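Below, chain A partners chain B and then partners chain C, in two separate complexes.
And now, the complex of A and B:
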């Protein structure tokens, strides 16, 4: 691709990627007063970040209205009084609050941000872990697109017998394998904090492990065959097409038809990838998710382009010998 | 330690950004070497 020959484009990509990754952690996660009360009463967490608009500061407490329009009393302490004093009614605050059952209100723990430009929604049960949605899900989507692209190149190789398509198929499948491994690692970290263990052979984890084995076999087959270059490329192309048949089944069908703990499993609807085709999340997270997916896909295309060119140089040198 | 506890998200954000930017620099280096090899007759 000509685009990847431009240094300006590549530097822009590197900087935008670093900024996007940093923002994925920097933007505050904030919920409502209802979230804070529910999480406290169920014993999940005592302190919860809440985004609310300051309505008034009365004697002893401040009145707020959260993102659902629910009002909440936040008790003024010596420590928090100064903060409210500098804020005006209408200011939006992201603050950590602790639910006070006896007073049916909230105690301020810390002001996280004043008038934030953007916040991420609090996803029940995930909290700060919800940020992983900006890495794990885009990586899985890029892995699927990479395997699809690899299969298209394999079909093109069988039709046109041009070795460049074989190189592109190998590069695309290698990219797909890498992004599947990254999605597995990020998913495993997520599982450690949501399910209590890094790996528990959940149907989702087992299906992705089988997928990794299927594509590992593709690369082993390609390197172990001692046939002519044409025959090796033909066998690898046929295997790649057959391997792709399992991808939609292992990636999308298995977790949905089994009692998997993964979102989308056991009849639940996943927030991002679901049969209704709707995104069940706040626009801020949705937009950041789309930008992440696009950036990771561009990085994959660059990797594919690099590997293809390296294979081209390798083959050219082998022919010259 | 206090700084790390109170700014954990910023620290993780900066480390992740540095890792991805490091990967970018590595790929940029490979890109330059590949361009050089492509120019060779």
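And now, the complex of A and C:
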């Protein structure tokens, strides 16, 4: 595509992507007073970020009301006293608090942000790890779209016999392979901190491993064929189409019907991609997720275009020699 | 006699003369069962392990036997003749049916071996579900190995390539059949319990047979 050759477009893409990645880490994750009390009492963590509206300041403590309307008394310690004296009632604060069982309230540890434009929800059992939803899930979605695109190009090659479609199919599958690998790495890191080990042979982990094997076999088949370019391209296109038949089974069907550590396993509804077509997450995270998916997809398209052009030059040089 | 039946008859006749495919597959099965028996003397094998062992031996047995269908044509130099006499459609159907018959005979012999050698542990509780998933699995494996065997008959490393290409593609099928076999070994009314697996198998088979039927002509036509 012509668009990918314009420097202005690439600069814009780079800057937007950098801003998106920065915001994915920068936007504070904040829960409710209920989360803070529950996490403290179950012994998971003592200090929890909470988003709440300041109602009134009394002597020694302040009254807050969180998004569920639960009100909490936040006690001011010497260390943090000065920090919210400037806040007026009605201001929204993101602050880390510690549950104080004896005083039936919360001790203020630190004020993180005053009147934040956007916060991420505290997802039960994930906390700060929920940010990975903006990397891991979009990457695996882009991987699926890349394989789909590669298969469409393979079909187009078989129909139109134009070698450019073969190059595009190769480039798309290579991009899909890269994004599958990235999803595996980000997921593996996530698994380390959520489930304890880097790899658990969860149904989804098994299926993404098989997915990597399929496309490794695709590239291997291509290198082992000792045929003319025409036949090579035809055989590789046929394998690409056959391989894609099992991709939806691996990515959507098998992990859904077996019990899985991932959400959406064993007949439960997945939060982001499900049959009812609803996104079960807070709008802030949902919007950031959609932007992330779109940006990664554009990055994939740019990579695909780049690889196609490299292959084109490569083939032209081979012809000239 | 339609031409696909002629292709099937030719393949069956070649097979009865040499008995290469069947004997290779049976030797493979015997070796596998012997290794399992040797390494687990006197141990009780759980249904989950038995179903995995059954499908490992079926899958690799199929890869040894079924990879021959086009490679042998290429080796004997008969593929050109076949191309002259029959169109792609009838070659595909003939070879597919031949592979399916080979796969079903492989499944029956594996079943006999497992019943005979694992007498204590291998009890099928629900024969209808067991046979159903076995047939559905055989159809899927036969379809994929027919088209992939035609594909690799052109490559340089023919023997090793089929399992590498076929295993990842067939993995959803193998996962589903292994699970369905385990359920058929564990509970009496397995059809209802293994409904999800059977649905996966059925849809995978339909998709694979259709796709390989359509694509075969592309490889066959030179």
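What we mean here is this: the second predicted complex is superposed on the first by the 321 of 321 C-alpha atoms of A that agree within 3 Å, B and C clash if a C-alpha of one lies under 4 Å from a C-alpha of the other, contacts with A are read in each partner's own complex, and residues count from 1 in each chain.
Following the convention adopted for this analysis, a contact is a pair of C-beta atoms (placed from the backbone, for glycine too) under 8 Å apart; a residue touches a chain by one contact, two chains touch by 3 or more.
What you see is a predicted model, and the numbers here were worked out from it, not measured in a lab.
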Touching partner for A:4 - first (chain B), second (chain C), both, neither: first
Partner chain in contact with A:189 - chain B first, chain C second, else both or neither: neither
First (chain B), second (chain C), both or neither touched by A:298: neither
Which superposed partner A:152 touches (first chain B, second chain C, both, neither): neither
Partner chain in contact with A:213 - chain B first, chain C second, else both or neither: second
Which of chain B and chain C A:227 touches, first, second, both or neither: second
Of chain B and chain C, the chain that contacts the larger number of chain A residues: C
Which superposed partner A:17 touches (first chain B, second chain C, both, neither): first
First, second, both or neither for A:25, with chain B first and chain C second: first
Partner chain in contact with A:309 - chain B first, chain C second, else both or neither: first
Overlap of the chain B and chain C footprints on chain A, listed as residue numbers: none
Chain A partner contacts - residues on chain C that touch it in the complex: 144, 147-148, 151-152, 154-157, 161, 164-165, 167-173, 175-176, 179, 196-197, 200, 204, 207-208, 211-212, 215, 218-219
Of chain A, residues touching chain C in the complex: 158, 206-207, 210-211, 213-214, 217, 220-221, 224-227, 231, 234-235, 237-239, 241-243, 245-246, 249-250, 253-254, 257-258
Chain A to chain B touching residues, read off their complex: 4-5, 10, 13-14, 17-19, 21-26, 128, 302-303, 306, 309-310, 313
Complex contact set, residues of chain B against chain A: 9-10, 12-14, 16-18, 20-21, 24-25, 27-28, 30-31, 34-35, 37-38
